[in-house]
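Next come the structures, one after another.
In the two complexes below, chain A is the common chain; its partner is chain B in one and chain C in the other.
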Partner chain A sequence: MKSIPLRILAITLLKELGLASLLLLGVSFVVFVILYAAPGDPFSVLLEGQLPSEQALAGIRAAMGAQQSWYGQYFSWLHNVLGGNFGTSLHSGLPVAGELVKVSLNTLYLTLGSMLVTLCIAVPIALYSSMRGHAVAISWPLTMLGYVFSALPVFWLGYIAIYVSVHGFDFFPLSSSGASDGNGWLYTLVPVLVLGLGSGTISEVIRYLREEMSRVMAEDYIRTERAKGASVWRHAFKEGLLLPVSEIIAAKIPFILGGAVIVEQIFNWPGMGRMAWQAAQDRDFPVIMGIALVAAIFVRVGSLIQRIVYTAVNPQGARD
Partner chain B sequence: MAQPLLKIENLRTYFYAHSKQAFVRSVDGVSLEVGQRETVGVVGESGSGKSITAMSVMGLISGGPGVIGGSIHYASDKVQKNLLEGLENYVQLEEGNGRVLTVKKDESGWQKASEKLMAGMRGKEIAMIFQNPRASLNPYITVGEQITEAVRLHSGISAVKEARERAIHWLERVKIDSPRLRYNSYPSGMSGGMCQRAMIAMALSSEPSLLIADEPTTGLDATIQSKIVDLLQELKNETGISTLLISHDISVITRLSDRVAVLYGGAVVEYGPASQLLDAQAGFKHPYTAALLASVPNQQKIRARANLQAIEGEVPDTINTPPGCRFYARCNQITPEIRDKCAAIHPELKDVAPGHQVRCWRFIN
Partner chain C sequence: MRRSTRVKKYIQTSGEVSDFSKLPLHKKFSIPDLLYVGYGLLIVFLVLVSYVLGAFNLLPNDPQQINMDMLMAPPGTGGHLLGTDFMGRDIQSRLILGIQAYFLPGLLAIFISLSIGIVLGVLAGYRGGYAETVITYFTNLVDSFPRLVLILLVIAAFKPDIYYIMMVMGITGVPAVANAIAGKIRVLAQKNFIEAAIALGLRTRVIILKHILWYNCRALLIIQATLGMGEAILLETSLSYLGFGVQEPTPSWGNMVQSGANYFMQGNFWPSTAPALAILFTILGFNLLGDGLNNMLEGKRSR
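The block that comes next holds the complex of A and B.
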């Protein structure tokens, strides 16, 4: 019955991918310039505590290719990246690419999981209070609850969660993700819940969804559907829920990635945020560059998904 | 005379103004009938309560307190009932001085009971078309699918293919060119006139007994308006559907209506056969109707380069309804003998000719 306009979708996809590659190029360049201009020298960090001779330092610089001009360094990095080589970490000496894949998968799990937690809480509250309006007494306290949770800072909520799960009850085994007993995966739920509840997004999502839904419910075409005896929900779904949710996902990914840095620190979660934190302290250029690139890809994929949903839902609008 | 298809009696629909004690009396005691196979036109300025009357019939009023009294008897071959049956139990009115002072309404109870009464009515027995047709169609779904949905909901056709054919048949009947192609159009890809045709197709596809057309030509180009009116006329002759036609455009009302009700300040001020009521020369006319007719441009006036006549004054404030005739402040036909009555007492509807009623002290002795 429904034909998803594949051709328009494909065009949109190509356009977005082209834009994304330009954007990534820009991001990598800006990050590189900032890193280059920032004070501090990765090599002195590397050789901290030793008293290297000028000769030794020069030797390391030569071996790392740091004697080129700054744009020379950028272009050789770019050249390598296009060939799939992200370089090796200055700190650990491991290839960056492999590490990136590992940590970004961990962070992806954390990000998507917390997004899911946020939506699972916010969507029902928003729908309930928009459908029933202020007539229902319970919608107000529910919304307030959302605000209270959003006001809890992640760094505090994280420690409270650890405290409660360790001392309160033994449900979440916090010791290690590699726990051999079957419920080791439960460990991963705590940081996901903390990030989902505490990253300040719930109240915003509730408010945004509720306003969108109420606006759509007041549209002329919804009146027509009611007069027609059709299901209002079926007709309000696309504009009132699907589009706003995809917009939220696209818009909130950067914030959640920011929150992930803190949560990963607290829970010792082997993800991008913690790695970025470590790399920044070590002035580990190749790792920082790699993570910046992956983070930009995450954000871009979010808006790509939003574009795709929008195009699939409203092919006419996409054509204009 | 056979039982009328729709009989609205003393309908009252209020809205809260700025507090729970002040009301906008949008519809304040409207009574009118739509006979079988009859088109009744409802005219009046903006804010006279035309659309609210229609929405009240459909049970689609949102915002409190909404419908607070009256009865809406509906009697087609298939269904006979009062669409407000038993709903008065959910409302408590406190009246004083002949007007409502406070309303206590159990909104959710009313809503539930009303939904129960309206089940199987909306779209099936009573269909509705609106002004601004493009905004009234779902922009995210093709026009064809929207009609197919109506067919499947109300015509007992559940097979998609068959429903689709029926939808295309209706697109053809409302004279949309190449209906098979248009089936897959989105509303944004069609002109306003075509959207209104699609709306009409959607409304009629379930073969309802009553069509409520709420300003069907408003927002369309003049030439398109005329074509939509032609189409409504033709479909009325073909299907024999009864229509409650709401418009502020006297020419549309003139072309389509058998009977006309003139609404002013939430009440019917004149009700009668279209031929008598809309004839500017005929006697027995409410001053408001006369003024309305005088404000319509016609050939003679245009040739004589006469200035268009506007009705002096503003649409009445229904929050602080004056105690007397609601048209009192703007009326130009008050004579010294009746002035006191006009200012103090709201007149009743009075027969001035068979089937022709006017609410004016000039005709009450």
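The block that comes next holds the complex of A and C.
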């Protein structure tokens, strides 16, 4: 295997980092504009039970250091965020940044685990049906099953999982990460499995991988390898599996994060989705802004990794 | 091109000359695709009929009639075809009425995705250059938000109104449409007939509207619309499950699943399983219809 030209990798990394930060700047602006356009005053939440008089509101604004003009507000907020200060939750009064780190790690565990589950199911099916494209008898029911799992509402799948684990295996998966006894991690597998099966990505992953793998298997260089008696699998791996997997996973991250919102709700999982749900109910602006930003960072990091994998596999293609 | 090869194949196998359009359906398309599309069309038909029935209140039973003598009756008892829920209300009527929750908002979302997506896709694909850069930035920007998180943000900022939600849904659907159209135009631009149309002095408007969008992108747009409806249903049910959509006692499939949850844990599966199955079969129908049409019209064989 030839070594990957480091210079090209570094250039790609820099270019993609620049693009990602440009996009995140845009994300922060969109988030800000949406909340700025919101009717009512988020600070009136703090005066619950009182008639929010202009004076009281102005007092609170001054106390919390709110600027008057919209761009002033945006830049002071952006400045704080870049310094790692996401503000304090209007509801609990705690700093958002610390909470955000905690919940985003929980969500990361949930989403990465569920991706692994999805891949463990989808990759063998896709490979099997692309290697033996004409074995319709097996691959068609499997494809159908993928479709059914994609259309299955994940909340209902969650109920089934809870019911089965309570009545069949005699444990309660709701305590999730908070479980104190030794095998608490076992409980966390249930939500991970549910999200992996029910996030609605399985059938798309299968379809995409199968198409790409079939395309690669029909390429001339694979035919040459086959004629030479070399391992077809080793030569088809990079283009036929590694690239499509990284592409589809990067593209599906937003979708999986959306599914995580629901799964966290069912299993009482202390993650970003649950926090976002709570914040939406409380109109807790600093929290929901922070979550939207962190979610966007997840998405951008995913596509950054995908670009790096692509460059590592195909340094020539990255040059154009 | 695809058609001519298919026709050639047919000629080779049957030994007689025939026109592609006169071939029987099962020779033109693969059997699974026909089944997919057939099932999808059946679901679309059922949803349409149920929507109209619900709109004119032509329901088999009163969906709000509480009957404490018949709690969680199994399907088929006492004139309730699909049984009753935990308050003795007729599940079948509530399922039919639940379609009101997503049907019009879903259409609105599709309309927004398609109309903005077409404009941006044509600009990016046909014009290229500066416009393309800006549009790529915009689509990447929209794609950076998980849809549900963006919607929770909008709910926090405004109010949990289904039309706001579907507007966001429509805008987040724009990148898929725009990318598909732009990609298609890039392929078409290399073909001779576009060059010929330009050489003939046809107006750009005619080339784009007639030769690109109408002749070559209509299949793609129908597919996008179908898949969009599936996503809209998924989103509406998820949101009303989370408590941000339609509120009880107005039925929506999501809040029906949610309100049946407590009884589910006690072993009374039906009240929350019936709407879950309705969601499953409907989304399955729209997805299969979209993919089946994609395979048929875009010339991919499904395996």
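The definition used in the following text is that the second predicted complex is superposed on the first by the 301 of 320 C-alpha atoms of A that agree within 3 Å, B and C clash if a C-alpha of one lies under 4 Å from a C-alpha of the other, contacts with A are read in each partner's own complex, and residues count from 1 in each chain.
Throughout what follows, contacts are C-beta pairs under 8 Å (C-beta built on N, C-alpha and C of every residue); 3 or more make two chains touch, one makes a residue touch a chain.
Remember, it's a predicted structure, so these values are computed and weren't measured experimentally.
By the touch criterion defined above, A:H235 lies against chain B but remains apart from chain C after alignment on the C-alpha atoms of chain A. In the superposition on chain A, contact is made by A:R210 with chain C only, not with chain B.
Shared-chain residue A:F255: touches chain C; no touch with chain B.
After overlaying the two complexes on the shared chain, residue contacts for A:I288 are found with chain C alone; chain B is out of touch.
Once the two complexes are laid over each other on the shared chain, residue contacts for A:G18 go to neither chain B nor chain C.
Once the two complexes are laid over each other on the shared chain, residue contacts for A:N314 go to chain B alone; chain C is not touched. By the touch criterion defined above, A:E225 lies against chain B but remains apart from chain C after alignment on the C-alpha atoms of chain A.
In the superposition on chain A, contact of A:A151 is made with chain C only, not with chain B.
Considering which of chain B and chain C touches more of chain A, the answer is C. Remark: chain A residues 1-2, 135, 219-221, 223-230, 235, 238-239, 313-317 touch chain B in the complex.
Remark: chain C residues 32, 137, 140-141, 143-150, 152-158, 160, 230, 234, 237-238, 241-244, 254, 257-258, 261, 264-265, 272-273, 276, 279-281, 283-284, 287-288, 291, 302-303 touch chain A in the complex. Considering their complex, residues 58, 60, 107-108, 120-124, 127-128, 130, 132, 135-141, 145, 149-150, 153-154, 160, 186, 188-189, 199, 202-203 of chain B touch chain A. Of all residues in chain A, only 19, 22-24, 26-27, 30-31, 34-35, 37-39, 129, 133-134, 136, 139-140, 143, 147-148, 150-156, 159, 162-163, 166, 200, 203, 207, 210, 253-255, 257-258, 261-262, 265, 272-273, 276-277, 279-281, 283-285, 288-289, 291-292, 295-296, 299-300 touch chain C in the complex they form.
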